Amino acid sequence: MRELNYLQAIREAQFEEMKRDPKVFIMGEDITYSIYGTTAGFLEEFGAERVRNTPISESGFTGVGIGAALVGMRPIVDYSIASFIFVAMDQLVSMAAKATYMYGGQAKVPIVFRAVMFYGGGNAAQHSDRPYPSLMNVPGLKIIMPATPYDMKGLLKSAIRDDDPVFCFEDGTVLSSTGPVPEEEYLVPIGIGDIKREGTDVTIVGIAGCVALALQAAEALAQEGISAEVIDPRTLVPMDKNIILESVSKTGRLVVADPAHKTCSAASQVAAIVAEEGFWSLHAPIQVVATADVQIPFSPTLEQQVYPTKEKIVEAVHKTMA
Amino acid sequence: MKISNETLIEMLRRMYRIRHFEEKVIELVAAGELIGAAHTSIGEEATHVGACMALAPDDYEMGTHRSHGHPIAKGAALKPLMAELLGRATGVNRGKSGSMHLADFSIGSLGETSIVGSGLPAAAGAALGAKMLNNGKVSLCFFGDGASSQGTFHESMNLASIWKLPVIYLCENNGYAVTTAASYSVSVKDVADRAQGYDMPGVVVDGQDVIAVYEVVQQAAERARKGNGPSLVEAKTYRYREHAEGAMFESVGKASHYRGDEEYNSWLKRDPIILFRAKLVEMGVITEAQADDLNQETHEEVLEAVTYAKESPLPEQQEAFEGLYSTPISA
Amino acid sequence: MRELNYLQAIREAQFEEMKRDPKVFIMGEDITYSIYGTTAGFLEEFGAERVRNTPISESGFTGVGIGAALVGMRPIVDYSIASFIFVAMDQLVSMAAKATYMYGGQAKVPIVFRAVMFYGGGNAAQHSDRPYPSLMNVPGLKIIMPATPYDMKGLLKSAIRDDDPVFCFEDGTVLSSTGPVPEEEYLVPIGIGDIKREGTDVTIVGIAGCVALALQAAEALAQEGISAEVIDPRTLVPMDKNIILESVSKTGRLVVADPAHKTCSAASQVAAIVAEEGFWSLHAPIQVVATADVQIPFSPTLEQQVYPTKEKIVEAVHKTMA
Amino acid sequence: MKISNETLIEMLRRMYRIRHFEEKVIELVAAGELIGAAHTSIGEEATHVGACMALAPDDYEMGTHRSHGHPIAKGAALKPLMAELLGRATGVNRGKSGSMHLADFSIGSLGETSIVGSGLPAAAGAALGAKMLNNGKVSLCFFGDGASSQGTFHESMNLASIWKLPVIYLCENNGYAVTTAASYSVSVKDVADRAQGYDMPGVVVDGQDVIAVYEVVQQAAERARKGNGPSLVEAKTYRYREHAEGAMFESVGKASHYRGDEEYNSWLKRDPIILFRAKLVEMGVITEAQADDLNQETHEEVLEAVTYAKESPLPEQQEAFEGLYSTPISA
């Protein structure tokens, strides 16, 4: 099958959906120049009305997107780097997430928010955030976290067609990773996880960039004769509990790997779900491999220390097998 | 520009509607039948009505925590609004929003929002939507003098200007944000002066004069529909009640004297309803008797709305857990 | 001992610290009028320079507080209602939380942020947030959550003396609740939990307003002969793990009650910690009693459904004993 | 007002320092020795230096992602800055911040911050602190044309004005935010025009003329110290490089032609260092030879800084987990 990289998958999803539905448009800073390639050629194809450069006004253009959605448009808001969403937090929380419920169903907010999490590249504390856990605590937003080009294209297309606000977080560590993406149209449904590798001894739930690390860890563990099952929830809200609980009921052991800071991470949420609903299947303590609860340092010597790694995941699996 | 008698009379009707509605709200709060924060618009009816009547019935409107008067001015039916305030299943928002967040999409009221300043960007967005859908609509956003200090004001004005959006920003300057005087918190004499910084017209208008408000907003709406972009209108008005109903604010008001009696009374003398009613009679548009009838009719509408609300069922408990999403989850 | 209510405890803590240290000042909207009573008489006592009314500019005055702290002042920023902090989120996350670490220790940010969570009073989605979990995922902020007048006064005084940004969340459901508060000076250290009631059969960790509910539940359970231990972490970041782990090692059962939305709640974090570090002590699944993952509805009939209650906690305990 | 020769020469020295420092940064990025986003100030030296030299050495300064030139202009030592860019333990921020977030509290540089617009409120806060501590200091905040669209700009200007804070907002208008022209994103001709909306002086100055910048900032500083409040200064300048170093932006620059050659070359002709050097020689303040020496000396300073940085140890791995708090946890 044809291979695309992660950024190409984003571009293709957006391109196809904008072709399909004239109500879909995209806005963001410098978007016509497509610094990351996800809107390359869009200006020529769709024109400046539907491919809008914005001033640096994240709350402003987030709210503009919400208002346009309220009257029937289907905006895609591209923040480029995920660290910038804090500026727009109130619009995301008080408006996008609350309108449908608060206005008793009168309001529909079909909008997609996109942001790349550029961590691991020496951009330090203010440019390396992985802020999805802060939004997971906010009811009303759907949150997708595709880890492969295939999932990215399929989930992003579903998000654009969804009538609710969907936040798509993109993992900066896999932007150039490639994978098979069919030519023909397909969708990946929101809210459904995926078994990335089958196994019997331990379940490794990987979030975003940690899916790839989990697969590497599983490979290494296989050499030792440990069979690890790798689960990718793909959607964080609503979370596909069942696929995780079923895997744990089979393996009895759980490691969760998450690039977010450990406290109140997506991984902690997965652990809490299993401790509550999958407890009787567990044969050993759950292990959470997440980013340390410190800010992101610049110096590579320092930055390398704080994130999950294949080695840390392998070590965590060993703990659960001990 | 000549305003039809029909329109003039409808303006007075809506002003009376708001007044009676709000007076009933005060009673219901005092009686403990209406809970949560409730902010009334008594004294500001001319601003609400002048602005909304200058729009087409299906133009968009967004507002604030002081949420009742705007949709009423835009033409919303009273029963679902009152039912909402009383948390009934028949509420316009099914009892989900209460007083601070009314909305009636059927008449272009896209939602009042109680986070100060949060509605300004969305109003520009509705205008962008109107522009892209080419549906000829304009968007009007009410916001207060207090809201003018939020960053969203700046971002929205700038975006509306560079994109020439059909939006009207209507600042209801009632002189105060809770107890804080605009003369303290706003660094410039008139909020409207800030329009220069966004290359758009900024107009100050007497918010107690419904016709004056109607006229400036109508000009702004025309400008917007012609594709000439946004306008900032500042209506100088006053709230006759405390910031919100309820003992806490009463006491604050009493204790603080943040508004001197002299100031307060001078504004009372300019009650927008009394002024407009007198004007219409003087213009010969209506007789005193007809005006009394209007007053009477609207009062009865409000009483009927209360009866309707009280007789309406409460929501099913289960509904608390429903309606978070428009697209149900496939899983 | 003398009794004060929760709001009086806040007032007294602020009053004493402003008396003690001229660098301490307070700002917020309408603060000179002290709508909630926590700064009653402050204008007269300390003057308008140190008791500052702000325009409605939450990001602006949050940043002003941070800048003042950077040069040696010790601001207290009062947001009144916690739902308004989203407007200031970037200043809290990108500036307050990151400066000390990012500037290699050159920057000290001695600032206290305060916000009341007014939930349960019919103020609907935009005025009823309990947003602390979103901040728990942000390293660099200390987060205190006092549940009694005694803890409030002691923790708030510690927060004002702390050289780091401390966020004090106040629970609107206990504002008028009273409790003993000594006349003489005392501090409650940040990062130390408290056993609010000793017990042997089950551990109930209560967060904020849920501490009172947990105590009521414990009382009811005592009637049935179930001995519940009630733990109040008091500080959410850094969390006092040990007091929780020790209690669970004794009781073998854990219920966590939290007014936050369940997904990525503080309760989920407590559950994750115990599932990882206290697993071998557990005899039954952990039970999380938190607010449903929906927005807060207005109508009392609806609003009452979504929060933790004494009954829900009792029921959860029964599940762990089953 | 007469500027001493000593000061004039120091200005040229700092401008050369910035230029040489940035040229070295370009090399280091190209060589892969400096990682992460790196934004250079080449072309904007007069704005940085004119503004900072107009302040007292211990006045406060805050800046942006384009972070190197500001502290150097304020008088920071080069070695700890370069060591920071190379992630060394001897870095001014111990290798924790990298290029976008330099700070040197010892000379009043309270931190460059890379979230666009995030520094504006804190700069007002430092000014409030100065006022309350009564230490006579003023605070200067650099921000870009792009940053002027953030809500924090509005909120900070308003707060600074109503509280008469000793702060100077210096907009470095280099015409672009990445690839977006200020002529597109800013709804008014000059950012300085917005000062009217906050009742404060707004001045446009030639950002390539270091003396002109020095003079307007000195006046603003005087005004601030006298207790007369904030000022907005807009320096029209230009960056000679792409938005940031690194292939991505090079290609964007090349591909996009968002800045026409004609525009670009016309600004190149107004290189602030060449202009100022010629002026000083013409004024007889220095000879060509002395100017060459300055150029030489500052170039060597930079080379020494690089040597120092490269010879400095990397941080201990453990340090990643240290320094989150100033007050260690009692627990």
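Here the chain labels run A, B, C and D in written order, and each chain numbers its own residues starting at 1.
The rule is simple: a contact is a pair of C-beta atoms (placed from the backbone, for glycine too) under 8 Å apart; a residue touches a chain by one contact, two chains touch by 3 or more.
Predicted model, so just to flag it, every value in this text is computed and none were measured.
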Counting C-beta pairs in contact, which chain pair has more, A-B or B-C? A-B
Let me have the rounded angstrom distance from the C-alpha centre of chain B over to the C-alpha centre of chain D, please. 45
Indicate the whole-number Å distance between the mean C-alpha point of chain A and the mean C-alpha point of chain B. 40
Can you check how far apart chain A and chain D are, centre to centre, with Cα atoms defining each centre and the answer in Å? 36
For chain A, what residues touch not just one other chain but two or more? 54-55, 57, 59-60, 83, 86-87, 90, 94, 101-102, 124-126, 139-140, 293-295, 297
Spell out, as numbers or ranges, the residues of chain B touching 2 or more other chains. 91, 93, 95-97, 101, 113, 115, 118, 149-152, 155, 158, 162, 184-186, 324
Once you've mapped the touching chain pairs, tell me: line, ring, star, complete or other? complete
Which part of chain A faces chain D closely enough to touch in the complex? 29-30, 32-33, 35, 53-60, 83-84, 86-87, 121-127, 292-295, 297-303, 305-306
Which residues of chain D touch chain C in their complex? 60, 62, 91-97, 101, 103-105, 110-111, 113, 115, 118, 120-130, 132-133, 137, 139, 151-152, 155-156, 158-159, 162-163, 323-327, 329-331
Inside the complex, what are the residues of chain A that reach chain B? 23, 25, 49-50, 52, 54-55, 57, 59-73, 90-91, 94-95, 99-110, 139-140, 142, 162-164, 189-192, 238, 240, 242
Show me the residue ranges of chain B that touch chain C in the complex, using the header's touch definition. 35-37, 84, 87-88, 91, 93, 95-98, 100-101, 113-118, 146-147, 149-151, 177-180, 184-186, 248-249, 252, 255-256, 258, 314-315, 317, 319-321, 324
Once bound in the complex, which stretches of chain A touch chain C? 83, 86-87, 89-90, 92-94, 97-98, 101-102, 124-126, 129, 131, 133-140, 237, 239, 260-261, 263-269, 271-272, 274-277, 279-280, 282, 284-288, 293-295, 297
